[in-house]
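Heads up, there are several structures right after this.
Below, subunit A partners subunit B and then partners subunit C, in two separate complexes.
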Partner chain A sequence: MRRNIFIAVGLLAGLGAGWAGFPRAIYSRRPQPVDFSHKVHADKAGAKCEDCHGFREDGSFAGIPTLDKCASCHAAPMGSTATEKSFIDTYVTPGREPQWLSYARQPENVYFSHITHVKRAQLKCAQCHGDEGSADHLRPFEQDRVSGYSRDIWGAPGRPGMKMDDCVNCHRQSAAKGAAGTLSAQAGERGCLDCHK
Partner chain B sequence: MNKRYGMSIDIDKCTGCGACMVACAVENNVPALPGANDRRGITWMRVYRVDNGEEYPDRRSAFVPMLCQQCGVETPCAHVCPQQAVDVDPATGIVGQMPERCLGCRYCMAACPYHARYFNWWDPQWPAGMEKTLNPDVAPRMRGVVEKCNFCHGRYHRAKERAAAAGEKDIRPGEYIPACVEACPAGAIRFGDLNDPSSEVAAARHEAGSFRLLEKLGTDPKIYYHSTRDWVRQIAFAPKPGGKENLHG
Partner chain C sequence: MTTRRDLFKFAGGSAMGLLLTPAPWRLITDTALWSENWPGIPRPARGEIRAKFTHCGLCAAGCAVRARCVGEQPVSLAGVEGGLCPFGVTGHHLPYHPERLRHGNRPEAAAAVARAIANSAPDRRVAVLDLQPGRTASWTCRRALAALKNGVYLAPEEPACAVNLAPAGTVLSLGAPLLDGWGSPDRVFRARSGFRLIQAEAVESRTAALADQWLAVQPGSESVLGRAVAGTVGLRQAAEATGLAEAQIAEVARSLRENGPALIVAPEMTSEVLAWNLALGAWGKTVLPRREAPLPREWSKAAPVTPLAAVEVGSLGALLIDESVPGAPLPWAAIQPKLAADAVVVAFSWSRAGYARHATHVLPAAVYPEALGDLPPALVAPSVGSAAEFRLTVPLVAAPDGMTDPAEFLSAVAGLDAKDALRQRAAAIHAAARGSLRTYADGKTSAVKDLKFDDFWKALNAGGSWMGEVENSGKSPHLAPAAPIPDAGDPWPLRLSTTQPGAPALVSPLMTKLWQESGLRLGPHRAALNPRAGFEEGARAVLETPYGRCEIQAALDGSVPPGVVLVAYTPEIADIRGADGCARLVRI
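On to the complex of A and B.
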């Protein structure tokens, strides 16, 4: 009897450690270089996603903006917060690029075209990236210690995932909704190479 | 409408210079490995030399650029793959190989009637500095997987992205062509949509002297060859067993 209790307790402790501890241990956490507030920029400056995360002339996605984008408004402090002042002193004045950590970078064998999804299919940014635009703080960047991929690919709690299954589900659903021959129907019936390279 | 990309290669124009092979390797991040030889090297595009089997002064040679023939019916490699790592894209007709799914059994290499598939015996490596010349539109493959020509699919992605950016519904004819077609100095290779009656390749396949390799297998390959010489067209049939070898890799 006593032995069975020990085994049960040990089993529970082991399972609990695996359940609660492993997901923490597998990811390394690093803070972003600057605590950027999307909310402040959206509310006070009225900035939209594409004002900073835009497309280049050839249609490729520029991703995280470079320093000159920030410096075009923040050459001198616009507000009175300490965060802004320290950002200008550390990065803008010396002309040093902040080393942003990309939450959504896909593995190198994945081909993804932002402009096809945003311009042609009219998807909203939040559909894949979550409600990042209204967040007041940047989350720490969580990186899988084994694969090196960002945790966001797997869908952090309360956020949409960016796994292959998530892409496939969305494509299948839009294909099911669309009439034959339409754009959304095309989105479903494709081979591996349509998203892989 | 779905496309069916295909190629037309004029053997009478091919000089055997090998520019297509080099362009292909550069475009698709195929490494030049120190231990690679005729059997273990990777050449998605390979120019074979054939001759008519006669002795001097009647001997004649020709060059046959050989690549994945993009079989459309009963695609042998896709048929045998236990991993479903090979598929035929219904939208383009291109036979795609997924290195991520490949387990390296090489059944597809045995099944391929054209020997157009290649196995990675080593992890890819480039001389220091050369990695900067890698094509970002093509992911390098790892040791232990099979790879092959996919009509420079990265270029198709690029063309589609440009069309989406410009607000066009589809890519323009001629906007997407593989690297070998672009590189051929003799203009021996033409490329386009076989479903589009106005395309060059669609017309070329009906020209006199047009043929496909091992057409009798019924796999509907999408690479058409052309020659006005009878003995060259004979290579479309497999050489007789025990016959004189007249194929040189």
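On to the complex of A and C.
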């Protein structure tokens, strides 16, 4: 009986390491350069997602805004917070671009068109990115130490994933809802080369 | 007390426990993902996409190109007016080609050429072989050769005329790959819906498959059909040579005369082809003179174009081969006898695949789209008629260090200051104050007389295109006598046909991979033959031409007619292929 205790303890240790320790150990965590508040910008400034994360004239998605966009409002402090003052002193005044870490960047072998999904299919930003727009702080950027993928690609509690399976499932559901020949139905008829160039 | 056995049990239990967690499975997935994205895999730049304009430098056609660039990096190329051929679409891959030459000993090559010039006897000559004559760089070479004693400028035979497909009602193509990269593909396809195409060719090429009518003639007899249509050969003689019925030939001739304006095109627009067109009354309608953009007056002292055949055997003490731009190669077997025993041969090339294999010195040259240059007069004239053009191949990426510009190398050897030759040429065009400038970014056309020179030069360097005023075609040119019809006792019973039209072009590594690793195209060292040609699948044979021989492996293909050997246009084939395509096969 005593001898089997070691097996049981090892089993529990393995389960603990695999379920609790591994998910923490596999990701490296890095803070964002600025503690940006989406909530403040949405509530007080009334900004919408597309005001900062817009499309360029050629239809490509601009993604994270550049310093020019920030500086157009924050050339001088608009409030009295230390975060804003620090941001202006560190980045806006010297013209230094913040090195934002993109949570949602897809790997190089994937082609994703924002304009097709947002303008044509009328998807809401939160459908893929979660409720990021109402967060008061930016969470740390978590990156898989082996694959290099962001944790947001895998998804996390409270946040949808952006893996290939997630794309496929969404397209299938959309197709199932739509009538033949409609945009929704077309969304289900995807081949490999639609996303993998 | 804890024993070693207890530790093993603990480790075994841990391993079992881990197997019941996501950890090992996730590590397998992660490792697979890492292998898809590991370092070394090229990563296309991301960011704002801007359009840049240039002209394709992969052949003399010079199609207008819109390049999508992220920052300064081109990520895709497309045609501005009409499409681009597969070579043009993938042209931005070429600077990264694994076979690209990056190093060469320029001082050693310059010293060797200088020695050859200094020590040359009166009967020894210094020559430049320019594969794409008619460019500003070509004029620089000609001026430099004029400054040297015994300088000779060699170039492949230029087309005797330009063609205008826009007004054509019926086009007879004598084996020309008209719909497969011939001339200027964008101009050909823009005019395609307006004319009826009759393709006379032994092989059902891609052009033959897309033509309105395909005439499957005997291999090598296309020119006989041309003569018959022009009325210089009788119907019976033409029928015997081509394998067509007399009525068929008469119908083609009638169609050309009644559904005009007519045009006859051939792979090379020689003076004989021009003569057939003149007989059909095509001069000034579908056949026009090739116009060159104005030149600065001080460039009048330039070496004349000399055909290779006119060069004496063993007389070339130094030969500089400008292979930096693609063109129609001359068979090496025809060049070699002209060289002296101690001749210096310098090849300016992007890879070792071409003439660099035969050179004593090889200097790496910039490749499209790295080099700034201009294009020779187009074979397919603009739809408006006979007008000169001036278009630049504007660099989209910077050339690496150590690249040599052939014209600049030669002008340095000859002591000629030609650094600003392109700008001088543009100044001469601007000074003439004729024609108009088209800018692709805004689609506007401006009269040159309304532009300042700096604006004109800036617009040209942004991918603009100058076109002169449409001029009268004038009187028809002097014509060469027709070549004799090959007799039945031809020692070269086969005709060499190539899967790829024109010269071996610079090919993206992506297309090379597709070509070599699939059955989509005939690979190098393989020759497609009719199953009744007397060879078995995979049999080895020697392909002989009047210029040389190379070993091939037979690939039987029922679509290849008897009497034809179909091969890929590789540098080895370019070395031995003559303009008439005569060949024979000898079993090993």
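As a working rule, the second predicted complex is superposed on the first by the 197 of 197 C-alpha atoms of A that agree within 3 Å, B and C clash if a C-alpha of one lies under 4 Å from a C-alpha of the other, contacts with A are read in each partner's own complex, and residues count from 1 in each chain.
Just so we're on the same page, contacts are C-beta pairs under 8 Å (C-beta built on N, C-alpha and C of every residue); 3 or more make two chains touch, one makes a residue touch a chain.
Owing to the predicted nature of the structure, the values given are computational and were not obtained by experimental measurement.
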item: Fit or clash - subunit C, subunit B, common subunit A; value: clash
item: Which partner, subunit B or subunit C, touches more subunit A residues; value: C
item: Which of subunit B and subunit C A:15 touches, first, second, both or neither; value: second
item: Subunit B versus subunit C as contact partner of A:147, first or second or both or neither; value: second
item: Touching partner for A:194 - first (subunit B), second (subunit C), both, neither; value: first
item: Which superposed partner A:120 touches (first subunit B, second subunit C, both, neither); value: first
item: Touching partner for A:109 - first (subunit B), second (subunit C), both, neither; value: both
item: Contacts of A:62 with subunit B and subunit C, given as first, second, both or neither; value: second
item: Where subunit B runs into subunit C (options 23-31, 77-85, 95-103 or 149-157); value: 23-31
item: Footprint overlap on subunit A, comparing subunit B with subunit C; value: 58, 60, 108-109
item: Subunit A partner contacts - residues on subunit B that touch it in the complex; value: 87-92, 94, 96, 98-101, 137-139, 150, 153-154, 157, 160-162, 164-167
item: Residues of subunit C that touch subunit A when the two form their complex; value: 5-7, 9-24, 26-27, 29-31, 33-34, 36-37, 41, 43-44, 48-49
item: Subunit A to subunit B touching residues, read off their complex; value: 55, 58-60, 108-109, 111, 113, 115-116, 119-120, 186, 189-194, 196-197
item: Of subunit A, residues touching subunit C in the complex; value: 3-4, 6-19, 22-23, 26, 56, 58, 60, 62, 107-109, 144, 146-149
